């Protein structure tokens, strides 16, 4: 639109220890993706669309072993040089010699055979095995100028700080960099005309959420991606006209149960433990009501609404409904009864049932959730304790399935299949945080692996439906709620934000592609 | 002289012990930086990549002994390797960036609270029976026992957020270029008011009590009475004859206080987002950034040892009876 | 049996004697106590406050209105009749939490103090009394510990140890806070060691351990106690500090964890000041009260700190005589 | 040594030496000799006074005898048996019982935290003088013996509740508790009030005469030495320079140092400036390899030999010895 | 302000006149009168000795003259007239000017009256600088001169007290006392801590100095032989009271008061006949538990009925000779 004014500065908080002169996108903690560097494309999980950025199109061959990516016309680096398919091919091949940069392990996992630029605009990815999910990893790789990065020896890549960075993103001009604040301004060679509308982005460094809150309240920053306590009364109330927030659903939070151990090996016990929880109340009290309650036992939540199987949800609905009487009955039936009248149930053989729920020390919202969970369990006669552990212990516990119950999140990705890969693939046991619950089967492995072999959306959905059914039927983890996507924004200077009314993208700062879309959309009021 | 040599020997050994301890600490504890990185990425990182990343950060194995030798070497060559948190920036650079600010904060507040405390303490001992001597020290005892972070938060809340007369965070206004300009210096000063103020508020009581007790001990000495009998002015008696001796026990406490002052500055830096070592230390701990933690502890130990050494020198200078 | 009967009258007499002795002793203690408090307002205030706090902690289950570890209210309810100090963000009763938190915080501080003082006494007295090589080594170790930046170290240790319940904090604080006390005790022991009563005990053939325990130690009571109080104050602050930094166990109810929760729930910004200020005030009062007691012990044990009720009398008399001489 | 009325020698000291390290290093060359070549006999029921200025090694000598310090040379023979033989636990305890020490400072020699009862009962308990009852009785007897009435009340007191003189009596009672043969009294009255000093001296004299206890009486007050002790030895820088019968030493001093000492003693009525018979000079620090006479530098009678030869012992009269080249 | 007491009539106008001086210590256990109704005079150039056992109030008297008392001491009564001015009525400023200029004082132990961390030189010059308009250079020159007067080398100015021996320190203190050439020097047991030879050296020095400068001395000691040697007149104190005062010879050879007699008999002489002496039985009195009547009654060999009832007052026995005893 012509009436959009150019100019303005976006100020965002960065939680870190300060800025240093390092513009290597792979080692700078995601500061520059989508800002200094432009992705090929963005998979928008909110709309389900693919938003092409540097690329104009990307096509799979029918055998799903070749991907052909075409670049836009006349795209340039910020130093004015042309950005060609050779640059793109270089960017991908480079990560072969710098395995640490190989974000999605395309080389190390062995599936990618080659990346070649067939002409100035065309890049061809050749795969060893058919994999329709491969393409989702591409945005994780930064497109870098060969004329700069090609001069760096492979062994120096990890320590290369990329001084005077050349990029293709909307903001490539480093105005200044001070330990506590830095500013990037517009790329005059940006491939979209009049974009970005805004002139600059200012990064401000903060220690933690508790400092972002006053900064937001004082109007020092425009875009928050942080937990803010009592947001209506603190942030919104400070300036109701300009201060807004929108907390769409994010990843699903589950209570992981170690099904290899009694009494959790009994499905009814797991069901009872699920039914004992009043999820609405938990969300309301422990999390200020910000997250979205999850009544879906299929393993994925609101973030993936288009993929959720209504049938499965309906069929297993009872499991997620707050029903302490039923829960008690299930436990009674399972033989867990209070034999010694201490108010808590024992195993049929008289052993006491008492377990810890692991939660990372310092992750306070979860601690509160778990505290409430233990209260609900106490009401049905189950003794559970909150166990706050250092994350190293937590991490090890999850991976090596050294827990009885542990609160944990699910993967956030382009497609829910990635979450199921982490949940159930037998090869993930001992590696992934999500696979330690003990529910696995070769059939499910095959089912999951068959996903990549097809490009047919309907077939894929069928697989997902089956996985949801499997999850709900086995209940390796108890669904609680979907995390909120923390997102606060101020409209005093800038507008064009994604919002409930205009949900064009999931509003996460910490995703290069998503924020690229947003930055491109913001403009002066 | 032999006294100082002995002390020097002590410092060197203490230093060796401290850095060895530094070396052991991370190796005894669970978790490593890559796990931390992985946790921080919240699943956005591919597990297959972890080993590569581990290698990138230079966490190679080798016998503990080899590692130890390499570590000791790195300490003495001041080449402590890259930080994990701010990879690939050198730990030395990272620390160099924040050290001056911590020194400014910790030493500044130490010096101010020392001066104020000694003055108040001297006066309180002099007016021991009066209102001042009876009420000010207990009052300060209560203030200093208020949890430090709460004091800081309250100051932050009232002066920064409510009254908006002082900045909320940072060492200086980031839009100003550092330099010897009035603008910069005044910005630094303005940003230091709250952090330093809170540290001084909490730290002052120690010195008041230290000085007061030392003074009271000295005031009963014959040489003070003698000085009075000589008809010297009370100022001279207080400061030259009594204060000079009372400062001796306080001087040893100063060196100790450096360590505490640094500890205090950790909290301050966190609350006021001050760009100092404490802030980085805490972040470094969370990220298991061993090189950084080691470097900071190293600096800390060196600083405390240096301070002790200076205190020793000071003591020799202050107390002629020592020099032998 | 036989013996018992013959001895009975004797025994009765001696029992009577013992009783009298006991009475006398009690009386002496009473006199001493009275003298300690008389005209020593810091002592009175300090002991009063500490007594209140200790009673509060001791009778926490009786005094508290709610279960401190249970959600008993809506989040952040302002002080009201039902929750006299309001509720926390997690819906717990602040009043009950302060009472129960006192137990944990004081226990940690107390035991840390005991551990530290025990080590300090063991090291200080042994080193000061035995002298020679033992002393040289112990002194060296003490000095190393002394110059080690303690709190940062504590933070690092606490972070690395993972789950840091109150037990770990107690031990950590205990084993890192002794050097100062050890040094003071050592120097005092060295002063006493050369006192003639020690030398004569040695010449008499007393065992070393008895000399340390019976002859030296009782003379150090006031420093030991002062040092103990100092360590307790320090440990309490450190426990709170670690708690606030999130390095303690957030699920335990202690003043430190209360402050931690108050901070993560941004209670100051949301106007729920009570959640933060109540535990903070509890800490300040306890620490301040202990500092006052320490100060008044100083006044009693250090004869140079001439204070007491007689000073009031002196002041009055002095003013009168000065007036009569026309100097006022 | 063998006189006509040969009294029994209880403690015999021959060429006793005690060295202290100077400074912090303990290498051989930095030793100071606090006591050098000291010999004497202490007879039963007799007192030997040791006089000398501060730092002359009086206390050190006594402390070697009471085994607080280890001797570095010479022989100490107690009741015919060398000190070295009182080694095993029983032996050393036995020696500790028989040789008791009384210290200069009545304030420092009693532990302020223990009652008088404790102080006197301890040695009795250590030396197993009986059960509780017996010990209690003994304690009260001892207190009465040293003139502390009423004993029961005194026993329950603490040191700070007693005057200096009373405290010193307690110290004596404690020394007496285990029937010692020898009491080493290190300046027992110098810290006492002028008005009570004599009481203590008289008490000690009674113990000596009536109980046959031998005393080594250390003092710098030569007048009380003569008053109390049969024999007197004058020490200078770790050496005995003149010794023998007290009256002879004090009335007809032969050694220039003794003469100096006596001439310096203030005397009522002798007003006015009194020249000292000595040159002003530093008091030397005696090292194991120092040569000559210790007093040479200040001696008005010094001859050449004094500078490099250690003077030998001369018996100038019966029971009167000096160490001097220029008699 | 005027000379009131008859018994102080003297041929020369006194330099210092003390009338009915009372000094109290306010202690937690009551008020102890350490100096009770003491009146005496010191003539120019005279040496007055004050003898008495420990705690009888000698130092307290000395302190009163320069008004150095701090809490809890209280000069409750009397006047101290120096050259017609009552010292007790001086303002702080006058007092500062008076101190050292007119009366200087040598404290009981020289070891402690020199500041260990300040050079001898500074401690000497600052008293000169405080009272005289004089350049630092001149002050140093004067200080050197003073050191040489007491027999020390001028180089010692740069020394610290610990570098000097006890005797040397005592000389320095005397040099400081002489710095402003005062009319009266108070010497509180100046030689007690020294051995006889050094003591003799100091005494010799003192004789010379007195000859040279002609000041008066108030000489405090418990050593009666020393007192008999140096003093022109001797006053004997017991439990705060002046019980006997008169010319030295008489007091020493023919004392009137039983206490003085006992005191003199407590010193065995080196030359006299060797016989058993009896001294004074009993212990010194406790100032807080003074009996009614004569303070000395409990120890007195000739105690009479009246002694337990009435306090004896100081009576003139002959010209310039007074004693307080009912027997006289």
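Read from first to last, the chains carry the letters A, B, C, D and E; within each, the first residue is number 1.
Going forward, a residue touches a chain if its C-beta (ideal position, glycine included) is under 8 Å from a C-beta of that chain, and two chains touch if they have at least 3 such contacts.
Every value quoted in this text rests on a predicted model; they were computed, and no experiment measured them.
Undergrad: Return the chain pair with more inter-chain C-beta contacts, choosing between B-C and B-E.
TA: Between B-E and B-C, contacts are more numerous in B-C.
Undergrad: Please identify which chain has its centre, taken as the mean of its CA atoms, farthest from the centre of chain D.
TA: Max centre-to-centre separation from chain D belongs to A.
Undergrad: Would you kindly tell me how far, in whole Å, the mean C-alpha position of chain D lies from that of chain A?
TA: So the centre of chain A lies 90 Å away from the centre of chain D.
Undergrad: Hey, how far is the Cα centre of chain C from the one of chain D, in Å?
TA: 47
Undergrad: With chain centres defined as C-alpha means, what is the inter-centre distance between chain D and chain E in Å?
TA: The computed centroid separation for chain D versus chain E comes out at 33 Å.
Undergrad: Check each residue of chain C and list the ones that touch at least two other chains.
TA: Residues 159, 161-162, 263, 269, 311, 315 of chain C touch two or more partner chains.
Undergrad: What are the residue numbers in chain B that touch two or more other chains?
TA: Those would be 29-30, 129, 161, 270.
Undergrad: Among the residues of chain E, which ones contact at least 2 other chains?
TA: As it turns out, chain E has residues touching two or more other chains at 71.
Undergrad: Which of the residues in chain B end up touching chain C in this complex?
TA: Against chain C, the touching part of chain B is residues 10, 13-14, 17-18, 25-26, 28-30, 128-129, 134, 137-138, 141-150, 153-154, 157, 161, 205, 209, 213, 216-217, 219-220, 255-256, 258-260, 262-263, 266-267, 270, 278, 281-282, 285-286, 293, 296-297, 300-301, 304-305, 308.
Undergrad: Where on chain E is chain B touching in the complex?
TA: Per the touch definition, chain E meets chain B at residues 66, 68, 71, 95-101, 104-105, 107-109, 112-118, 126-127, 130-131, 160, 162, 176.
Undergrad: Mind pulling up the chain B residues that touch chain A in the complex?
TA: 29-32, 35-36, 38-39, 42-49, 52-53, 55-56, 82, 85-89, 93-94, 97-98, 156, 160-161, 164, 168-171, 174-175, 178, 270, 273, 275, 279-280, 283-284, 288
Undergrad: Along chain C, where are the residues that touch chain B in the complex?
TA: Going by the criterion above, the answer is residues 41-42, 45, 140, 143-144, 146-153, 155-157, 159-162, 180, 233, 237, 240-241, 244-245, 259, 263, 268-269, 276-277, 279-281, 283-288, 291-292, 295, 298, 302, 304-305, 307, 311, 315.
Undergrad: Which residues of chain C touch chain A in their complex?
TA: My answer: residues 70-71, 75-76, 89-91, 159, 161-164, 246-247, 249-251, 261, 263-266, 269-271.
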